[in-house]
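Got a structure here, written out as structure tokens. Questions coming.
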Amino acid sequence: MRRSLSLRWIWQSLKALGVTGKHVLFEPRTTEGIRSAESRAPRYRASFALVHDEHGEEACIGCSLCEKICPSTVITVVPGGKVESPATGKKRGTLEDFTLDLQACIICELCVQVCPVDAIVMVREQETPGYSREDLVLTMDKLYANEHDKPRYWGSGSALMEMQDPKKEVG
Amino acid sequence: MLDNPIVWAFAIGGPLITFLMGGGAVATWWERRFAGKMQTRFGPNRVGPQGILQPVADAFKMMQKEDIVPRAADRTLFNLAPIFPPFLVIASAAVIPFAATVDATGKYDPTGAVAELDIGILWVLSMAGLMVFPIWVAGWSANNKYTLLSGMRMVAQGISYEIPMVLCALIPVIYAGSLSLSDIVAYQHEHGWIALSLSPSMFVGAAAMLLFFLTSLAEANRIPFDIPEAESELIAGVMVEYTGIKFGIFMLAEYLHTIVAAALTSALFLGGPSPLFGPAGPIAGLIWMLGKTLVLFVLIYWLRWSLYRFRSDQLMDLCWKVLVPMSLLLVMLAALMVAGGFA
Amino acid sequence: MSAWEALRERFDLPEEPSAEEPPVIDVSRHVEMAAALKEFGFTMYVTVCATHFPEEAPKAKKGEDPPPPIPEHWEVATVLRRPGARSETFAWRVSVERPVVPTLFPLFAGADWQEREQYDLVGVIFEGHPDLRRLMMPEDWDGHPLRKDYAIDTRVHPWR
Amino acid sequence: MDIEDYDPDADLMALNMGPQHPSTHGVFRIKLILDGERIVKAVPYPGYLHRGVEKLCEKLTYVQITPIFDKHDYVAPMTNEQAINMAFEKLLGLEVPQRAKVLRTILAELQRIASHLLWLGTFTLDIGGTIGGGASLMMYTFRERELILDLFEALTGCRFHYNTHCPGGNRHDVPEGWETVVRHVMDTIEPRIDEYEAICDSEIFLMRTEGVGLISPDLALETGQSGPVLRASGIDHDLRRDAPYHAYDQVQVRVHVETAGDCLARYKVRVAEMRESIRLVRELLGLLEPGPIVGSKPIKSLVQFKASGGQVYVGIETPRGELGTYLVGGGDQRGAAPYRCKIRPPSLHAMSVLPYVLPGHQVSDVVTILGSLDPIMGEVDR
């Protein structure tokens, strides 16, 4: 045996026993179940929502920028025609259909980053696990429902832009 | 009818088996809770109050599992192997005195064993020695290289560690002058516990107890000696191919083995039912015996969750180069003590 | 004296190392280059990167004859590193029209797996490699996935 | 060695370890030729987790690759992002502002602590504490690692695959009060390392690691070892100090070198690196001055960055060693994607040393040596 037998054996074992034994007195650090969205950080991102703008209209203009930038191509945008907005009176694009397949989504936030009108944002609560794969496909209805059902995260496309502004004021 | 030993054996053996089986089941729950506490997590806490019914749920789960026998396995031996470990362990527990009576003349008489054998220690050790065979059979019959390696390790370890174990068990025999466990306990009640007797012989006794405890850890395949199971390299050792309740029986046997090892150590070296203070009645004896067993049992699992595993060659080195010479020396010292009248 | 200066004349390297691209040397001097660098202290094998360039016809400028097509070729870039203080890398390329390049395995044991990987994925054969098997893909895989003519959605039999 | 060369009369046994094996750190397969329990020959077979990331990189543009790169070394995604983004920046000629540099350095060091914590926990599992002391230690290290993941969650919004870097800087600025939390976490972790050492100081641990898996300095260099494996073999080489990137030239990095080259030396190097990283994080927090975090323009479109050609190699020191990226530019018609992207994973080189090291050891040592090299199969196979 390379290492000789000595009292160090007993001493080291006692030290190890001491460390493990000490933890019996501690409260468990693991939590039971999933942490609630409230206890998460404000920036925590879990799922998606499509939002309405300040005039109460659907904010998305169907520009398909998010569809193009998505690295795992999970977003499908069907743009609608241009209509005149009743609130502002200006012509704007609309959204016909929007699908986000959460199965392959890698939560990279790039769609939020590129959105010019802050239409797609992320929410802090995860989707409920479903029984079929289709349950994880976020249709437009689900995304608009998420706007009210789930807590929104801190930011949006413009908030990210502001944070990443290269000419940001120092201080 | 009361002089029929078979009736006695059933009368005491039934509760003992129930106690051991129940104890084994509770031990699994308790160990998982204890380990959880040590690791700053919860452990099983869902089934029943504090999760105490978890073993029942586990047993039901295991019984429901599909019973798979590998096609290339030796079917008969593969199915036969799981029967023996719990049988052997319970059989070896038969001679351990769990209580003691004091009659009117003040004679201390350890009872509570299922069978009062004159060769109690030999019985225990031979049963423990036989444990090698079912595990080797399980390892060989599954026709899997991992189980084969594990079975070979088990044979090597079991045979090697038996020698220091037997030698250390000889020391109480030398002191008490009898192979019967009851006589050894009675001797300890009279002269003080072998490991704690406040006489010159105590040092030999304490050292022998330490060695015996270590070797019985090895016999019961507990960390740091659980080479045959060795999850990190051999996955689950001989149990790789076993599914469902067969696997459960192996696990139960392991826990029973731990309880029996703790009980045997306390009977041989810590006086068994003999109290340190207070009355020496049957109930007190039972409480003392269970208390001592429990302390050693906790120690085994505390060690388990704090230490690492030896490598197989280091394990053999430890046995043949350290434990065997030391136990031989202890036996000689004990013999000299008895001859010199110190004990 | 930097490695570049020491090796410039011997291997016909340009005056200054380019930040854009590593120099190209002739394939016959590939092993010699590695040996020279190893003597110079570049003892750490970093990586080898083979790139496939399919045959390409450059666009003709207005009023000019179309330039001759660039034939299919492979570029194998090797990177070595000098460990220790002021550590630096040295990279060079060889360009071959047949995917055969001498191996660096006798010089650097680390070339073993790296060259196997490049053989597997790009299909460059490292001549003299003792054990040139596929590393990443299954042994019976057809084709070399990182070649440009191997489309990303090539249908393969999933389990075999 | 192929199965044809296997001689059944030689009393040797071929044992297939993996790809489904609890201790191969993922899906890794080693064929062991055993003489009893002693290894005569070992043939590793990686590739079970090959996902074709390099091919994928040729199809995605520069802005899309960063989140894909998180998935290589899934224990240290932060340094992966930095490696690929530094290659982009060199190829595209982008400047990184000072605040982003310091922030990247802090993130890299935090990630190093988190990665080494996970390594320590799994290594002790390998040594024989799967249901034992190692499991206890693993729970403790994961408890501390969780604190660091919480820091990352507060900063980036994700616990694991952050996508917080972009070509030319970082995407997320430090939230309010983050520095205080970082200091607090560092103060929490530092005394806990002493606890780990108390458990790992046992004689059994030393017996299992001392003299096991010796890698000589020559072999380490030839096979391209880097990081803690190289430093444990006695080569004083650390890219953070020897070829500074980020803000490493603004702090002094003390490199811990061990000469033994065995598993114990690798353990010691990593534990010392954890302590050093804690010190560096504290020092770097003082350097975090206000300013922009992106040098050029924030990501707004798919084809924002373009390069018509060029070939660069950039290597950085991740927790496992030198993670390099050899990048050939000009892939897309628009030049917005790499033409070829070769990743140089430190774990692949660490694995390639196994056939040289394993023969002569016992079966139990396979997992010890494998664990001490700290392989991440996602990075080995990519």
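In this document, chain identifiers A, B, C and D correspond to the written order of the chains, with residue numbering beginning at 1 in each.
Following the convention adopted for this analysis, contacts are C-beta pairs under 8 Å (C-beta built on N, C-alpha and C of every residue); 3 or more make two chains touch, one makes a residue touch a chain.
Just so it is clear, the model here is predicted, and its values are computed rather than measured.
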item: Chain nearest the overall C-alpha centroid of the shown protein atoms; value: D
item: Approximate Å spacing (C-alpha centroids) for the pair chain C, chain D; value: 25
item: Distance from chain B to chain A - Cα centre to Cα centre, in angstrom; value: 54
item: Inter-centroid spacing, chain C versus chain A (mean Cα positions, whole Å); value: 41
item: Junction residues of chain A, two or more chains touched; value: 1, 13, 16, 19-20, 23, 29
item: In chain B, residues with contacts to at least two other chains; value: 38-41, 305-307, 314
item: Each pair of chains that touches, named by its two labels; value: A-B, A-D, B-D, C-D
item: Contact set on chain A toward chain B in their complex; value: 1, 5, 13, 16-17, 19-21, 23-24, 26-30, 32
item: Chain D to chain A touching residues, read off their complex; value: 60, 63-68, 70-71, 97, 133, 136, 140, 143, 146, 150, 153-158, 161, 163, 166, 169-173, 175, 195, 198-199, 201-203, 206-207, 210-211, 290-302
item: Residues of chain B touching chain D in the complex; value: 35, 38-41, 145-146, 149, 223-224, 226, 230-235, 304-314
item: Residue ranges of chain D touching chain C (in the complex, touch as defined); value: 46-47, 50, 52, 54-56, 58-59, 90, 219, 221-224, 226, 230, 235-237, 239, 241-243, 309-313, 315, 322, 324, 326, 328, 339-340, 342, 344, 348-349, 351-352, 356, 381-382
item: Chain D to chain B touching residues, read off their complex; value: 13, 15-17, 21-23, 37, 124-136, 139-140, 143, 199, 202, 204-205, 207-208, 362-367
